[in-house]
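Can you read through this structure? Questions will come right after.
Here the chain labels run A, B and C in written order, and each chain numbers its own residues starting at 1.
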Amino acid sequence: MQLTAHQIGVLLEGTVEGNPEVAVNQLAKIEDAQEGSLSFLANTKYEQYVYTSRASVIIVNQDFVPTQPVSATLIKVKNSYSAFSVLLEKYDEMIKSNKKGIEEYSFIHPTATIGQDVYIGSFSYIGPNVKIGDGSKIYPNTYIADNVVIGKNVTLYAGVQVYFNCEIGDKSIIHSGAIIGADGFGFVPDGQGSYRKVSQIGNVIIEENVEIGSNTTVDRATMGSTIIRKGVKLDNLIQIAHNVEIGANTVIAAQTGISGSTKIGENCVIGGQVGVVGHITIANGSNIGAKSGVNNSIKEENMSWNGVPLGPYRESLKVQVVMKRLPDLEKRILELEKIIKDQVK
Amino acid sequence: MQLTAHQIGVLLEGTVEGNPEVAVNQLAKIEDAQEGSLSFLANTKYEQYVYTSRASVIIVNQDFVPTQPVSATLIKVKNSYSAFSVLLEKYDEMIKSNKKGIEEYSFIHPTATIGQDVYIGSFSYIGPNVKIGDGSKIYPNTYIADNVVIGKNVTLYAGVQVYFNCEIGDKSIIHSGAIIGADGFGFVPDGQGSYRKVSQIGNVIIEENVEIGSNTTVDRATMGSTIIRKGVKLDNLIQIAHNVEIGANTVIAAQTGISGSTKIGENCVIGGQVGVVGHITIANGSNIGAKSGVNNSIKEENMSWNGVPLGPYRESLKVQVVMKRLPDLEKRILELEKIIKDQVK
Amino acid sequence: MQLTAHQIGVLLEGTVEGNPEVAVNQLAKIEDAQEGSLSFLANTKYEQYVYTSRASVIIVNQDFVPTQPVSATLIKVKNSYSAFSVLLEKYDEMIKSNKKGIEEYSFIHPTATIGQDVYIGSFSYIGPNVKIGDGSKIYPNTYIADNVVIGKNVTLYAGVQVYFNCEIGDKSIIHSGAIIGADGFGFVPDGQGSYRKVSQIGNVIIEENVEIGSNTTVDRATMGSTIIRKGVKLDNLIQIAHNVEIGANTVIAAQTGISGSTKIGENCVIGGQVGVVGHITIANGSNIGAKSGVNNSIKEENMSWNGVPLGPYRESLKVQVVMKRLPDLEKRILELEKIIKDQVK
């Protein structure tokens, strides 16, 4: 499919600067682009490539002003990344095969209810009383245990395992290897040096428009529900413990862990490899830097935090700067002590 | 099923305070409980809910003395969480379907030995010479390679993969996506800038009453065995490297990693996201705080440790407190230097 | 199979010290070895065992000089670990069953191309247009989506999931539960408080001789490719984000995460639980200590780094030493302030 800069400008409601007749037939990253490619500039770190890229058309933000000559045609839009992502989506729909129907060697329990236009891949197991809504896609090697309720247009990629009684909302996407509803980690000392398991009778509720990354684990509640609210985006290899609640539209990067019964607010952004202890509350709009350790509730909304120990973001950076000078600081203290000691003599 | 406070008191050998005739028909968390619910208070953080909860009956510790009026009937027991967990377990048995028999589309090698009352789900693969003891449950999508020995009443949830020659003891539970016995990470430089694989010919031995969380990985030994002793509880997404040994009844929280050949003692408690280097020994009863980095052997038993660098728990907390004041400390040193410099003039 | 010390010495081109006629019939770790075992000493931490081991033959490095009497026969070679690994490999080939052929209950799309001597286990799914090269082994419960290209002598262990359009090079080994090509974590704010997914239309390219550990996740590129170069070794539970490139022969330990679009050089060694931010470049030959946080590009090659914040390795260790003394340093500053204050009076 070939489009001119003019056509793309109309499609994205942008302003064309340069030759409007130049045509593109593929999407590419600005640093890799060949002639005939459409690219974009969002992160200013990559601005240099605007001047050297072989891309024929580059989508940029409205406020971008080139500081050198540009050979490509520019299309200025409000949000270049967002605009480009619209094109990516259309392309994605073109290249992805649209799976439908029930493949051989799949197991569907007679008491399960399967909606219209559902895909169920080979080696998938749909247990007793499971409900799957219209348009959902269950890829191969997926296990859906008793009484699970899956909404409409949900995608479970290959190898997802969902334990009994859990719920997954409309349009949610769960990537391969994610485990939904395994037992929470609950044990009590048995008085003889070992532990007795605490049964985990609750479930996991995943609301609509959630995306969960590959090999992420979301444990079922001891009682009640572990809840992932609508619009939440979880990256890969994240641990969500029992009875946690993640507020709507919160985004969490890879390898972060949230301990039991903690409630994360709405619209938070949590970096990778963060650890959050159990039984605390994180206010709406909190922003937590990668590798931070959160030991206490955060009550004030819309603040940025960082570090171990956790501190306000800017203060944490200052601490890190001084940390590097610690051996020098120690010497300076020793120096002062010598001078004082000499004085006292 | 409906029970009165009196009946529950007898069942748990507790003392009833309040109306013994009030009846409950469900279990709930104290903060979510409705009329007719039975709840418990263990963590004093939640004490406030005792006074506001709509639960009809609340199990509390013997030594709990209310500081405000309580409308619920209280049942006082030695350990409220433990007592409640007995009730949870009974409820769990009621709601969980008891899987049995061999489902269609499963593969059982003719040389495998399968005990009595075993469940083998669809799409499970039982390889040559595998032995599975009585009462064990192998959920769908599980792979059990050649010569694996599985004890009695073991549960492997959906999507567990067990490599050849490994052993899993009686009553152990392994959650979905856990990988047992993949090759340890062993390579030698080949002298030409790349690496040659070191074959990993050992196995993994998991003793009885172990629980392993979802997507946790336990690598096989280079030679000999990686050993998880009886009663060990591993949370999700944990890495256990080759030739590690975890002592009996040790508990490890999510996302912690134990490097090769390290021996962890018995009855240790290790927090989440901890890293332990290889070839060291951790004494029995060690308690290691979340996110700590353990670089050296711990020889003294029953001590608490924390931090990067690791230190005794209390000292580590003090270090963290002072760390937050580092920019201020640097200013104070500068101030002192100025004064001294002025004096010297 | 029984071999004499003399025969092993010839095989490994080493020098025999002690009785050349003593025979061994098994391989064992030096600390576990029984009579008739062949062991090795590589890590000098284990030197004590040379003097106490019951092993009949021990392979040591050329420069090893015993400081006590040794009862075992020693074989001195250039690199004891490497020499021993040759023997391990031969043993491994003997004990591992050589899987071949296509097992029942597997799904192979009619448009897929399968090479000679391939193993395809039960419950494996080979999608449309997939190509699998000669001698490759696809274990059970594995999903290979549309258009994936797999080279010769590749091993995918049970439960690996490969998304569409990805490529895996000759002789690479991917362990159970690894997820190749799931969507990168890309979202744009939709202007109404929630996020819109950015389609991920790229793929993952894994070159030859790569090994990927269990439950590691390698995300597909937004556009273009996430690339794992030849000879790379990734341990378990690692996160490789979209558009990352890992240079040839780089080794990464467990639970490390590399954020989007970062380029890691060749021959790097990265410890466990390290976090690397997105959009940076790490120079060839970089060595990064466990648990480090890398926030900026590393430009100088062959340097060692450590810590949060990251610093040169030796300096980072010095910082850690002083950190432990922080509470004491604060007291010393207070002391100085008192003295100065008294002086000013």
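Following the convention adopted for this analysis, a residue touches a chain if its C-beta (ideal position, glycine included) is under 8 Å from a C-beta of that chain, and two chains touch if they have at least 3 such contacts.
Fair warning: this is a prediction, and the values are worked out from it, not measured in the lab.
Rounded to a multiple of 5, the Cα-based rotation taking subunit A onto subunit C is 120 degrees. Although subunit B and subunit C carry the same sequence, what matters here is overlap: shared residue numbers make up under half of all numbers found at their interface. Per-chain Cα centroids separate subunit B from subunit C by 25 Å. Of all residues in subunit A, those that touch two or more other chains are 105, 123, 141, 159, 177, 215, 237, 255, 273, 308, 321, 323, 326, 329, 333, 336, 340, 343.
For subunit B in complex with subunit A, the residues that touch the partner chain are 27-29, 32, 43, 45, 79, 81-82, 85, 88-89, 91-92, 95-97, 103-105, 121-123, 139-141, 157-159, 173, 175-177, 209, 211, 213-215, 230-231, 233, 235-237, 248-249, 251, 253-255, 267, 272-273, 290-291, 308, 320-321, 323-324, 326-327, 329-330, 333, 336-337, 340, 343-344.
Those residues of subunit A whose C-beta lies close enough to touch subunit B in the complex are 105, 107, 123, 125, 128, 141-143, 145-146, 159, 161, 163-165, 177, 179, 182-183, 185-189, 193-201, 215, 217, 219, 222-224, 237, 239, 241, 243, 255, 257, 259, 273, 275, 277, 279, 293, 308-309, 311, 315, 318-319, 321-323, 325-326, 329, 332-333, 336, 339-340, 343.
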